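Chain naming follows the written order as A, B, C, D and E, and within any one chain the residues start at number 1.
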Amino acid sequence: MPIAESEVRWVKAPTLGLLDRLYIPAIIEGLGTTIKHIFQPPVTQQFPEERPDLPANYRGLHRLNRDTEGRVKCVACYMCSTACPAHCIDIVAAPAPAEWKDREKYPEMFVIDELRCIYCGMCEQACPCDAIELTSMFDLTGLTREEMMFDKEKLLSVFDQTAGTEKDPIRTKAGALSCASEPAK
Amino acid sequence: MPDFEPILLRRINAGASPALDAYRADGGYRALTKALTEMTPAQVVDVVKNSGLRGRGGAGFPCGVKWTFLPPNHPGPIYLCVNADESEPCTFNNRILMDKDPHQVLEGILLACYATKASVAYIYIRYEYGTAYRSMQKAIDEAYGANLLGKNILGKEFSLDVYLHRGAGAYICGEETGLIESLEGKRGWPRIKPPFPAVEGAFRKPTVVNNIETLACVTHVVNRGADWFKTIGIPPDPKNPRDAGSYGSKLYCISGHVNKPCCVELPLGISVRELVDKHGGGVWKNRKAKGCIPGGISMGLMTEAEFDTPLDFNGPGKVGCLGLGTAAVTIFDDTTSIVDVLYNICRFFAHESCGQCTPCREGTGWMMKMLDRIRQGHGRMEDLDILDEVAKSIGIMPGTTICGLADGAGWPVKNAIAKFRPELEGYIRGGQKTSMSLAVVH
Amino acid sequence: MAVVLINDKPVDIGNERLNLVQAAAKAGVFIPHYCWHPALSVVASCRMCLVEVGDKKPDGTVAMQPRVVPACQTPAKDGTVCITNSEKAKFSQARTLEGLLLNHPLDCPVCDKAGECMLQDYSYRFGKAQSRMIDPKNRPANKPDIGEHLSLFTDRCIMCSRCVRFTREISGSAELQVINRGHHSEIDIFPGDPVNNPLAGNVVDLCPVGALANKEFLYKQRVWFLKSQKSVCAGCSTGCSIHIDHNKDIVYRIRPRENPQAQGYFICDEGRFDFPYINGKERFDRPLVKPAGERSEPAESAVAWETALPDIRDVLKKSASALAAVVSPMLTVEEAYLFAKLIKGFSPQATLYLGWVPNVGKDESFPRDRKGNPVGPVQFTIRAEKCPNRRGVEEVLKHFQGEVLGFDRLIADISSPLPTGGEGAGVRRRPQALYLTAGYPPRLGAWLNDEQTKTLSTIPLLIVQDLAPTPITQTARYVLPAATFAEKDGCFVNHANLAQQIRWAVRPGTMGRTDGQIFLSLLGRRGLIQATKIRQELAAEIPFFAPLAVGDLGEFGVKLG
Amino acid sequence: MLISTILTILIIFGALQALAGGLVYVERKICAFMQNRIGPNRVGPVGLLQILADGLKFIMKEEFVPHYADKSVFIIAPAIGLVCAMLCFAVVPFGATDNPADADYITHYQFIIAKNVDIGILFIFAVSSLTVYGIILGGWASNNKYSLIGGLRSSAQIISYEIPLGLSILGVVLMTGSLNLERIIWKQASGGILEWNIWFQPLAFLLFMISSFAECNRLPFDLPETEQELVGGYHTEYNGMKLAFFFLGEYTHMVTSCFLMVILFFGGWHFPFIAEADMWWGLKLIVFVAKMALFIVFYMLVRWTIPRFRFDQLMSLAWKVLIPMTLLNLVAVMFVKEYGITPWVLLPVSLGILVGAGLIASQPESKESPLAA
Amino acid sequence: MPALSDEIRAKILAYIPRYPSKQAVTLPALHFVHDAMRCVSYEAIREIAEMLDLSPAQVHDTMTFYQFFREKNAPLGKTRLWVCRSLACSLRGGEDLLETFCQKLHVQPGGTTADGKITLEFAECLGACEGAPAVMVNDEHRHCVSDVDAVIREAQG
């Protein structure tokens, strides 16, 4: 859609005066700013010793949530892998075990290639049952590529690690944060 | 009209025997003899057409006109389906006719078949009418014995077989195409029209479907002539060109909160108030009436203020009801909760919807669920608007379903919301609980 | 000439007997519908296609009916006026959809139909997002075993009754039924009578929602990942038009494609479910060669195409005068043509035989009554001849050698004391070299009996082109991989001389080549095979195939002969 | 004599290498502080051993030469760059020199490799401008388009800035009457602080400083390597020790230019009452190095303060601004010398030239002003 | 062993000439079976279907529509006792009557008493509105029921 001429605002380059044209004062001012900063206390967090405080919407490692009965919440609808721009989610669906009365389908295999992932959070947005979420875990390393392919068990174990820490609440479809399947505290 | 001399109920009120001999002794089968000896089938059709006899089953379609829809010179066979599946709640006039004076009905059937050249008549009788079934069966057997049925009836070129076909408790089989489907051994899903049954009905052959009471009337129309028939009832409203008039008498069923529930025969056009006060013995327990159902539950609701409406084929329509229906008046007194009445009605339709068309199948169930919730005190104000809209969209918006059940299901709800809204709102606001005990099973 | 006004747009429907849904489609207006299907009877029960209808009188006035009517039930006549976008019509459609969704579980995420579901699509186009019902939904139990291939998700059903009508009107087996009534109606089978008729799979396609599911496909892929290719079933000589749904070189599903010239709307389960062999692991994907002179040794070694093909060409050339070739009816017309050209190019004395024509049982036509006898007008036929292109190959053979020699003749010729050498046109010789093409799906079983195999293995030079290892490939000197119908371009000629185009959907393995490509390379022509070009070439050369000169045969194919 | 010279060379060479390493550390620390960070702090106390770690890393790295590179030139280029930068130090008097006018100046040991070179400055200029060969050759030999562009930029830049660089010191040379660096220092040390050339040549100092920034490829003039545009420019393909050579060359260059500024404008080792001419050479050395260190810190502050130029801005600065100003400055000095006017006149003249340049630039009609951003 | 007795078969066969199509006999046939066996078993459906040239599913389809016929898992008792709960009857105490029956017989509507004698059902209008509240014993009406015990005795009788 073309932008209407009325909505275009033209901005002129500022005209520089003598002082500006001499540049020396501007440079001195700039140096002043930088020098001032030298004497300010550093903000560095010493990472391995100090853990950073991440915002609640930080997008780190994925987890697969469990429902109240401890089963994987995912229903293998492939919405996440459809939404994934990096094509890093690989799901194989299967009929749910007969004893799961409320479910017809479940993921037999659920693998996220954490190396391919760009941590955009689309999968989380796409998930209709709040099963996949990005946690605040960011320090993710591995020695091999295979190690970075997170399968269902590994992703569920991420849930086990992060559930109950209050750092990574379940983000429900409504956008609210809840503790739907978190273990009772 | 002081002391109307009953026609259809004449013998019944007199306590006469239903047997063939007694019927003949009272002048029975004269009309048949007359028709077979003096009249051609076309003449019979003309008489009925001229009489302005309208179907008593609910829709009020002129009976003679219906017969003329049959394809002329059809090689046959042509069938007559007699609709004795009187499932409209609060209605029982056909049962009385069949129970107590089966030959009157049978004569009507014979006449109709003669007029329409039908060779087989199936009486689709609802299962609940066990005594009527047996009574009719006995009458048929007697008729076969007296050569009133079978080959060459009364020695004339007219043969007819009449079979009783018992239903199995489905309201929708009272709809003519539903009845035909059911007769054919399928589920009673009404058929799409066109083709109309007169062109392609039972077993893909031309078929006439008539109500018991209509056929009983035919007997007397043929017997006494169209002009006599036109002296009874109400002539057409000259201002309304589409009005075919309401001639003849009608069996009015009075039930509910009256002292004397009964079935009376009166000329068309009597008012509810007169029915209740004069024939029903007044509202019971000296209470005041709150309203009534003018003609079976699918016709809608009337308030007490509207009781002066004449019950003819046009009257109920003037106060927002669907029509005369079966002229079965059910009164409820002022202690009755309208929510209970509505719930009862919606439960009935949800139970009886055939499930073919989406709006009716889902809509009736939804209305029942909503009303159940309202009854239990969990209603919301917007439920009334939703109810009103659902009622309108399943039924009143014409054509959204194949048959008229949806219209019937929607109409009482629409009426109730229009006429009793303050009470409904009060009920919801007050979180009242119902006075009637809850049904255990939906 | 009937002219119908659809949303004020006149459309000429000629003398066709159409209903308003079809007439509107001609005008480019889509009227949503569930229960109506062109191949099934009209019940007008879903009430999705409600429109306003009227009549245009000769004097130009329009009389609209007060009612909205189902378009599927209303015949289009001259002067019929149909309005689909009025407030009234839209209101009816929206309310119907609301009704349909009342008791629908809305489990699209786990529903296999999601993505091609008419309920989804119509809700999006004609419905609204929010349900006003807060009461509990009816949740009838699922029936996962209503057929060998079928699973019924009862709660998703919208009671369009298409499936029931299909079993009663098309297959005639009437296994499906509606039980109960009102909002408790469900689709069901009679206990103990699963839907196992040979056309059962079609109910899955007919189901507009995800209620009936194909167990073979259930949960395998989401449909939006699938790519669809228009092709033709190679299961029998009916030549049903199909869609091959595939993803990443795996065929996941075969669906019928409407083709009034071939089979109509449906396909049989045999064609529908017999595709896993295409994805088979055991298939050849490169040439295998046995060292010359060590014929008893089964050890073959895979070789590159670049070395195998010139080798084969050389050995064929050497035995040109006593060369026989078997042209499989599984080949496309183009391939048969190239093959015949190749063989006849070595020597005019080389003999071409028609490959084995599998005949299994008798033609089965539908609908059938309870006892299995065909009744009424035939709606669908499964043919006994289980190959797609006998007619096409026969015509090619007729062109190249004037007569069609069957496979039995080959066996006879090998065993009989025909001369092994010498000159003279028209004299058949005992074959010393045989190039055998096969490519029959494994469903047909071992197509050569032991004796035939033995007879064939007496030939000194045997080249076999087949899908997967069989006894005859064991004895062959050269084994070339064949391709399935899902992997090649070309056309098949069905039993009624209808030439239909098949198009490749998946690739024949990482190293594989299609039969046509092999013949093309053996012919010494360069480049990749272009079926359209070959088709035009043969259309110019063989009069029978002249109509194929159009190149692209379109969706429905071209009638020959 | 020879032994002492070799010893001096070794000391200077070693000290310079250590210094360059140290500067990397200092630079990272200063940068970190300016950015409210901590900087290297993991290796050794407060990260001091980072120098060693970096050095080790450079040495341990795989020596990789791209197969499409011109191998010999690719290897020689960094060496040229480093050697040329190092050569400059042959004539830098590290503080403790005696008066070059003394008779025994030549025979006594001085802490300088080549003492009393009368063309000292010329030598420095001649040698240091050779470093551009290292860069050009490196860029070309890499056979990489980024490297090549980096090299070309470097040559254009260095050649352009040689001119204002040379012209700016001519004033000092004229006033001293010698190219000999020792003499220039002694000239300034002869009086108090007011004898320093900075008072008479402030504009020349400013221009010299700017030009030397450009000569050293330091920000804001690091156009040859611009990571953002050229992925490292001429040293895109370099790694390990060869890359370290380029870095060493750059830092050496920086040290050289700081020494030169101190020598030419700030009295070299002289500081009133602390390091007078007759004082102990050690003190002189300390003062000298301290002055130099201040300039280096200044270099680093500038680096993390001022954003990079665009290349066209860079060229127009040299040709349209710096060269005319140095010429005017030179003319002023010539006038002063010719007519024997007190050199103090030069202070307001310098300021006048600067302001005049600013006035010209800030004229609204001059659309294409040389310094326009 | 066939599920249908010869007598029932004969009855069904006798009905076939009454209708132009065999399918039309479905409902009468179901009635015969249901009356005699108090339920319609799957085997019976199969045999009816066989006799009428239908598929069992078609017969079952028709049968379940009416919700009148009982399947084998819930056969009828000896007497089928219907209590009307339609508007006319419920206005005059039909629902209460139904509840009373439930309590007295210790069954839910649709259920059969433990002794197998009475199956209690609710009815959507028996067509006996003048005698509300009405009940139906098998297929005969009892009007204005107030003496529940008498009805039960009769039904048990």
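Observations
To be clear about the criterion, a contact is a pair of C-beta atoms (placed from the backbone, for glycine too) under 8 Å apart; a residue touches a chain by one contact, two chains touch by 3 or more.
Quantities reported herein were computed from a predicted structural model and do not represent experimental measurements.
Considering every other chain in turn, the ones in contact with both chain A and chain B prove to be C. The greater number of contacting C-beta pairs, out of the two interfaces B-E and C-E, is seen for B-E. Distance between Cα centroids is largest for the pairing of chain B with D. Per-chain CA centroids place chain C at a distance of 50 Å from chain E.
Centroids of chain B and chain C (each the mean of its C-alpha atoms) stand 55 Å apart.
Remark: chain D and chain E have CA centroids separated by 111 Å (rounded to whole angstrom).
Within chain C, contacts with two or more other chains are made by residues 178, 180-181.
Applying the touch definition to all chain combinations yields A-C, A-D, B-C, B-E, C-E.
Those residues of chain C that touch chain E in the shared complex are 164, 167-168, 173-181, 189-193, 369-370. Chain B makes touch with chain E in their complex at residues 77, 86-92, 95, 126-131, 133, 161, 163, 165-171, 182-189, 203, 205, 253-257, 261-263, 293, 297, 328, 330, 332, 336, 340-341, 344-345, 348, 351-352, 354, 436-441.
Against chain A, in their complex, chain D makes its touches with residues 30, 32-38, 206, 301-302, 304-306, 354-355, 358-359, 361-362, 364, 369, 371-373. Touching chain C in their complex are the following residues of chain E: 42, 45, 49, 53-58, 60-61, 64-67.
If you check the complex, the residues on chain A that touch chain C are 75-79, 82, 93-95, 103-105, 128-129.
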